[in-house]
Amino acid sequence: MITIFPDILILLFPFVMLSLKLFLKVSLKTQENFAVGYFLVVFVTLNFILLGQNHFYLSNWKIDSFGIFMREIFVLSSLLAISLSHNYFNSSVSLKPKLLNFSEFSASVGFAAFGGIVVVSANDLLTLFIGLELATIPMYALVAWNKRDSEGTEAAIKFILTGSVATAFELFGFSYLYGFSGFITFPEITNAVATAQVSPLLWISLLFIISGIGFKMTLFPFHLWAPDIYEGAPTPVTAILSVTSKAVAITFLTVLVLGPLHSVQKEISPFLALLAGATLFVGNLGALSQSKLRRFMAFSSISQAGYILIALLGNTPNAKYSIVYYLFLYTFSNYLAFFIFSVVGKNQAETFSALRGLSEKNKFLAISLLIALMSLAGIPPLAGFFGKLQIFTTAAENGHFFLILFAVLNNVLALYYYIQVLKSAWIDKPEKEIALSIPTKQKIIILILTLSVLLLGFLPFLSNNLSIAFL
Amino acid sequence: MNNLISHSYLILLLPLLSFIINGLFLCFRHRKMAAILSTSLSFLGAVFATIISVNFFISGAKPILAFNYEFLPFTGTLVATIGCLLDSLSAMMILTVSLISFAVHIYSIGYMESDQASGRFFALLSLFVFSMLGLVIAPNIFQTFIFWELVGVSSYLLIGFWYDRPSAVSASKQAFILTRFADSFFLLGIILLSYITKSFVFSDINALRLENFAGQMISLGIIEIPTSDALIFSTLLIFIGGWGKSAMFPLHIWLPNAMEGPTPVSSIIHSATMVVAGVYLVARLFPLFAISGNVLEIVMIVGAFTMVFAAVIACTQKDIKRILAYSTLSQLGYMMLALGSARVADSSIHILGYSAATFHIFTHAFFKCMLFLIAGALIHQVHSNDLNAMGGLRKKMPWTYAASLIACLAIAGIPPFSGFYSKDEILISAYQAGHPIIFACALFTSFLTAFYMFRLFFLAFHGKMRSIPKHPVHESLLMTLPILLLTIPTLFSGFLFKGIFHNFSPEVPLSLAKNLPSATFIPPLAITFSVLGILLSFLFYASKKSNPAKALDSDNRNAFYKIIYHKFYFDEIYYAFVRQFILGGLASFARFFEEKIFGTLVTFATTLIQKMGVLVRKAHAGSLPFYIAIMIIGLLFWYFASNLPLQGA
Amino acid sequence: MFEKNLLNLLWILPFLTVLFSIPIKENSPNLKRFHLASAGVVLLSSIYLLIQVFQNTITNPSSQIQLLYETKLNWLNAISAKYFIGIDALSSMMLVLAAIIIFTGILATWRLEKGQKVFLGFFQILAASVYGVFISFDLVLFFVFYEMEALCMYLLIAGYGSGNKDYGAKKLTLTLAIGSSMILAVFLGIYAETGTWNLIELSKIALPESFQYYAFPILFLGFAVSSSLFPFHFWSPAGHSAAPTAVSMFAAGVMMKMGAYGCLRIAIYLMPEGAKIWLPYLLIFIAFNVIIGPFIAMRHKDLKFITAYSSISHLGLIFLGLAAMTPLAFRGAALQMISHGFLTGLFFATIGMIYSRTHTRDITQMGGLMKAIPFIGVGFVIAGFAGLGLPGLSGFVAEATIFIGSFENPSPLCRVITILAILSITATAIYILRCANKMLHGPLVISKELLPKTLPEEKFIIVSYVICLIILGIFPMPFAKLLDSSIYPIYMNLIR
Amino acid sequence: MTLLHCLILAFILFSIGIYGVLTNRHLIGMLISIEIMLNAANINFVAFAYFKAQDPTAGTLFSIFSIAITACEMAVALAILIAMYRKHHSLDVNNQEKNHE
């Protein structure tokens, strides 16, 4: 029973938050503490679930090891996003008006997390679709959260319009998949795919589905929205977009590709490989000459999406394991970067020049930034490297050497632009002095994240625990 | 005897000790101490060397390998060792080097008295002697090369001893680079030779027979040649090493320029160390050279040419050290010529050439050292190298005058001085081995030698004083003593040791030449030529009618004289070659390739990526319809590009 | 057991040093003392280990690779990567080299005024990375250590360097990253082919020939990037000229050797077939390094550019030794790695000292420095002599071994390049003497008062390097024998 | 009327939707076009359910759910549009464009 318990808790969370505000009228501070505490509890509960077994509820609510780990990632991401948003609700940050309605905000975050959970638990197309939408629609709202900021609204407009087009692709693809197999439940689709003659219907549906999800996962060329939206949205939302939203998308693909479509994985591998290669290349190219931090992070996360996609070329247990492992480390590194950006951008726009002189003002932040970015760039012994190594190993087992060579060479480009950021923080002298203060809570979180990024890769604790569950 | 031999490491250890102690501890502060220490160690060395070599010759002159310490094993039998081989040749060289070194050390105490850096000087001098001794006792060619290089570097340091003088610096650089250039061929020769023979040891190398390699081929990269040819080729390469070190034409230019160093250095370079190394190398490998086809002929021709060439230049120079330098070149030419002429046309060997060359190394060392020391004394007196500033010094420096007369007579080849005996043998060897043209050249050069040496002698000591020394000094004891000491070997080494050198005969795998023509007419002929040279010189420079000032005027001369005076413009050619061809040509092209061609490629690649980055950045300009259009185009794009079997089966 | 812990300590200690130095005050003299002490401990332990390894090699000669003091722990189970470290002859010598350079590098920054804490911290991480590279025998672990330096290299150069430092730092970091990417790709391929990362196990497995055919050039060139083999040498002049003294010493002395070490230890060892196919072609690149390198050095005026190109040409000799594929040439290459480490360390150390006094590195603007700072001048000259292969110093031993060894390879191209390489020693002499003459000799250009006397720590640096150069130059035999024990197994794999 | 007819109809609708999205400059118009695209998919579902599928209820269900979900999406979209309109007093796409790069 405990296995479904966290799901229920997450589902309840938005309602609890809303009632806290509506009926109990508690203060913002209590709301924040409660939300963080709530997610912490869920996270801890998730850790108690025994791994290695598959549970089914209501016949198609599947909970397996992969699902539990993905839940942990969603919860972790929400937890960090809510902690990150603390500043934004209490004061104006980055020269933008402060955010309002924390309870609704965290409720939306909760919904999005639940959407992810639905996706990972789905055992039929309908659940999958609902999950995806549940994860997406709150994002639209979240992007537009700062009503008084015109950039945010504009970003949200772009997001929702392009997103709806993607949804249409998705739905169209699903309809063909349904038409091809005659079922929407996975076991039947699996059968149909495995036994059927090769049919254009299947491939066209796959093309549409992958294009549709390519939007969420920012795959080339469906990624164009990302920079604008990442830039326009409030920073915590950007963080959620880059972590939760990507995690949901890759989960979606994993559930499909390693699930019902398992038997045609060989045939779609070249497509996925091309997608991955193009995505990480374009992401890296785009990031080369940016000057705004969040826009930069958008391109960085586009290329990260390319890397994650490579994992799908591997065999089932390894691929799932690599995705989970990578996402964990990516979550830490990415949030660490966003936390630092939010501290730096407290009183100024979040641009590269805001970072100038960081190493003199605050060594701790500067070192954390170094660790975060080098981890994202995949430099050992930081966490990001081990995630990438895992992914490449997975793909190498199926012989995708040239993609791997291409991907690792792309790392050089990535290194270049991360170094650009580091240059601002470590080398350049500040133009004007703007004081920097870190609230203790944030300091602790940054410290924890820094340590995790520093150690979780090199120390085998995380990877071995994960691998026991999968392999 | 055995006891002595077992201590033969002292030959190397004494100068090395002097170098280390001086270099590390005494160099900067205690220059007096340094001078005393290194002179006394060099005295010990000279005594020890004398004992050892006298013992060696008395006990029958059997080659002994005194010690052999394994330095670096390569493959199989190819092992580099540091050892001491005592045979006639090396014993003679040890003696010569040690004695000369001792004389120069004493002289330097006086000469370097006022120099603040004399501590360093003595350290380097010891290093120089150490390197040369290591070279002469080497039992294998690898050790020869090691010490060969050390000789090169210590000469570099000594020539450039006054490193704040640009001319000294550039002379030292030139000396090092030119010899290094030759050494690179030497190294190649060693490697090729060791590849063929699988050994560095002289006894193995000298026992080679070309017939053993019949039918074998070896690749030199572009071409494949028979191994026996490769052997000959490697001999030639090794000779190029000696070519550079002994400053044979056209690699000779460093030697006259090396006069920028302190005079004791020039003295030791020209007499016993450095330059004779090349001759020594050929002598050491004589059996290999003898079997290597025409290499000995090349040696002979190079030697003969340098001999005449240098002598001609020497006749016109005004700088006394340069005159001596060209005379050294000329004498080295004699030695090379002698070695080369040992091969008779019907490929038998006339061993007299070999013994004459070694004999000449021996005798030449003493009188040339002496001449340089005298030159140093003169320079000390007038503070100039220029003959213009000298003249009439015989009254001021009577001892020096007497000594230099002896030295000049020796080099001119007048009996009973030592030079006569060795030069005479060289002439005989060239004549008997059937090289009449070479013989004629040598005879002519002996005339020139007498002429230019006495030109120097007369212009320096006779006539009127052409300048008044600013700080007139008396002949100091420390500087005159070694000069006078050296007159002893200059006087006696000729007829005393002639017999010993006749026993010098390496084991050559060729038949000895027979039916040699009689050469009794040569000694009187040679003396005649020398006397003619002296007389002519007297006529030009010391007789009543002569005008030394006009004789020294180099400006109002005909073109022929000027060409010779400017040393056939070889310095200019060298500098032009280095600047225009090496630096301006090769190096500039290399840099051009690196920076302009290759660098542009790298820049192009990075710019390309940057440009692509800008393109991607520009694509995300914020236009919503564009984004949607791209999404739809993307769908179509993947339709065609995705490799999915969309067209169906 | 003690030695085993010592070996683990080698790479852990630098990290601990960084950790414990965090609370120390920025400008306290204890900071550098603490770092120096830690580096000293590592140095002593590496020397101790070298002696142990030496005794072991003498007492139990064997044709197999002899790994001592192994530690083998499970690490990343999912990809079966192990924490597998050990030490053998080659790595023990490289360790001592690295330890000496790190130790002197810390000394070279003794008078750094600003940001010493950060500098020393990053420098210790660099140290940990090289120690790790030389002791790890698991490919993942190896790569982790190998790539770690990218973390700090940029900041050290761009933050503390001189001249066009940002450009140089980026060029260096990114080019090195290209190399390590290539290495990583091939490592993954090897793992996919065999399922193990263990170097010792892998050496016993023959990888498929077709795989070797594709993978070898990528791996070899990947390693060669950090050893600045043409066409990947372009980072070296820009990087070295921008880097601060200690980092230059480190980069040229140790990091460039890591590449050559990898080529020998991993590329040639694991893919002998690929080596046989490709190395003859790679000789063309090597020829550029060996022959063109010194000519470019002749044309430069900046001391660090000259030294950088000098390093390029000397590393070319290492590669010549590797490409000749004879045991003697391998030994020569290994000797050259160590010898060049010392001499280039000395080179960059003295250049740093000179630069700190003259504030220029243009040799035409200096002159007569031998008068003002004779100690440093002599150090520079000795480094130069070692560079041009003067007998009695280590350079000669290594170069002669390489030349004799590579001449044993009968292939025409190898012969040609060996011959040209031998002849190019003149070019080396030209640029080194030109440099020494312009800078040290001649009349003094800068007034003597502006040139402070040689400091004690500078004297220590110079003396220690000179001692190393001389020891290796005069007693090469024990080292050669020691190296042979590591190189023989590699050669056996080649002729298997 | 066969399956193919329905599929072609759906495809045409989808294309119209795409055309509308691409050409319309009014945000509401774009939303409507997207709605057309979504409905094309719904037609597909229904057609497949009717003509072919072994599990016909699933298709029908799917289309109902998708209508509901798209309604949600449109609601959010319209809310954002309103916020937008309040700021800019215009719903023309061209008004939004700022050069971001």
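Just so it is clear, A, B, C and D label the chains in written order, and each chain counts residues from 1 on its own.
Note that in this section a contact is a pair of C-beta atoms (placed from the backbone, for glycine too) under 8 Å apart; a residue touches a chain by one contact, two chains touch by 3 or more.
Keep in mind that what you see is a predicted model, and the values were worked out from it rather than measured.
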{"item": "Inter-chain centre distance, chain B versus chain C - centres from mean C-alpha coordinates, in Å", "value": "36"}
{"item": "Rounded Å distance, chain A centre to chain D centre (Cα mean)", "value": "26"}
{"item": "Gap in Å, rounded to a whole number, between the CA centres of chain D and chain C", "value": "63"}
{"item": "Geometric centre distance via CA averages, chain D-chain B, whole Å", "value": "94"}
{"item": "Multi-chain contact residues (two or more partners), chain B", "value": "617, 620, 622, 624, 628, 632"}
{"item": "Touching two or more other chains - residue numbers and ranges from chain C", "value": "none"}
{"item": "Touching two or more other chains - residue numbers and ranges from chain A", "value": "157-158, 161, 165, 227-228"}
{"item": "Chain contact graph, described as a line, ring, star, complete graph or other shape", "value": "other"}
{"item": "In contact (per the touch rule at the top): chain pairs", "value": "A-B, A-C, A-D, B-C, B-D"}
{"item": "Chain C to chain B touching residues, read off their complex", "value": "231, 234, 292, 295-296, 298-300, 327-328, 368, 370-371, 374, 385, 388-392, 396-397, 400-401, 403-405, 407-408, 410-413, 415-419, 422-426, 429-430, 433-434, 437, 440-444, 476-477, 480-481"}
{"item": "Of all residues in chain B, those that touch chain C in their complex", "value": "28, 70-75, 78, 80, 142, 145-147, 149-150, 153, 156, 160, 163-166, 169-170, 173, 176-177, 180-181, 183-185, 187-188, 191-192, 194-195, 219-222, 582-583, 586-591, 593-594, 598-599, 602"}
{"item": "Residues of chain A touching chain C in the complex", "value": "318, 321, 325, 359, 363, 370, 374, 379-382, 385-386, 389-390, 392-393, 396-397, 399, 401, 404-405, 408-409, 411-412, 415-416, 419, 422-423, 426-427, 458, 460, 463-464, 466-468, 470-471"}
{"item": "For the chain A and chain D complex, residues of the former touching the latter", "value": "124-126, 129-130, 133, 137, 140-141, 144, 147, 150, 153-154, 156-158, 160-161, 163-165, 167-168, 171-172, 174-176, 178-179, 182-185, 188, 227-228, 231, 295"}
{"item": "Of all residues in chain A, those that touch chain B in their complex", "value": "157-158, 161-162, 165-166, 169, 197-200, 203-204, 206-208, 210-211, 214-215, 220-222, 224-225, 227-228, 267-268, 270-271, 274-275, 282, 285-290, 413"}
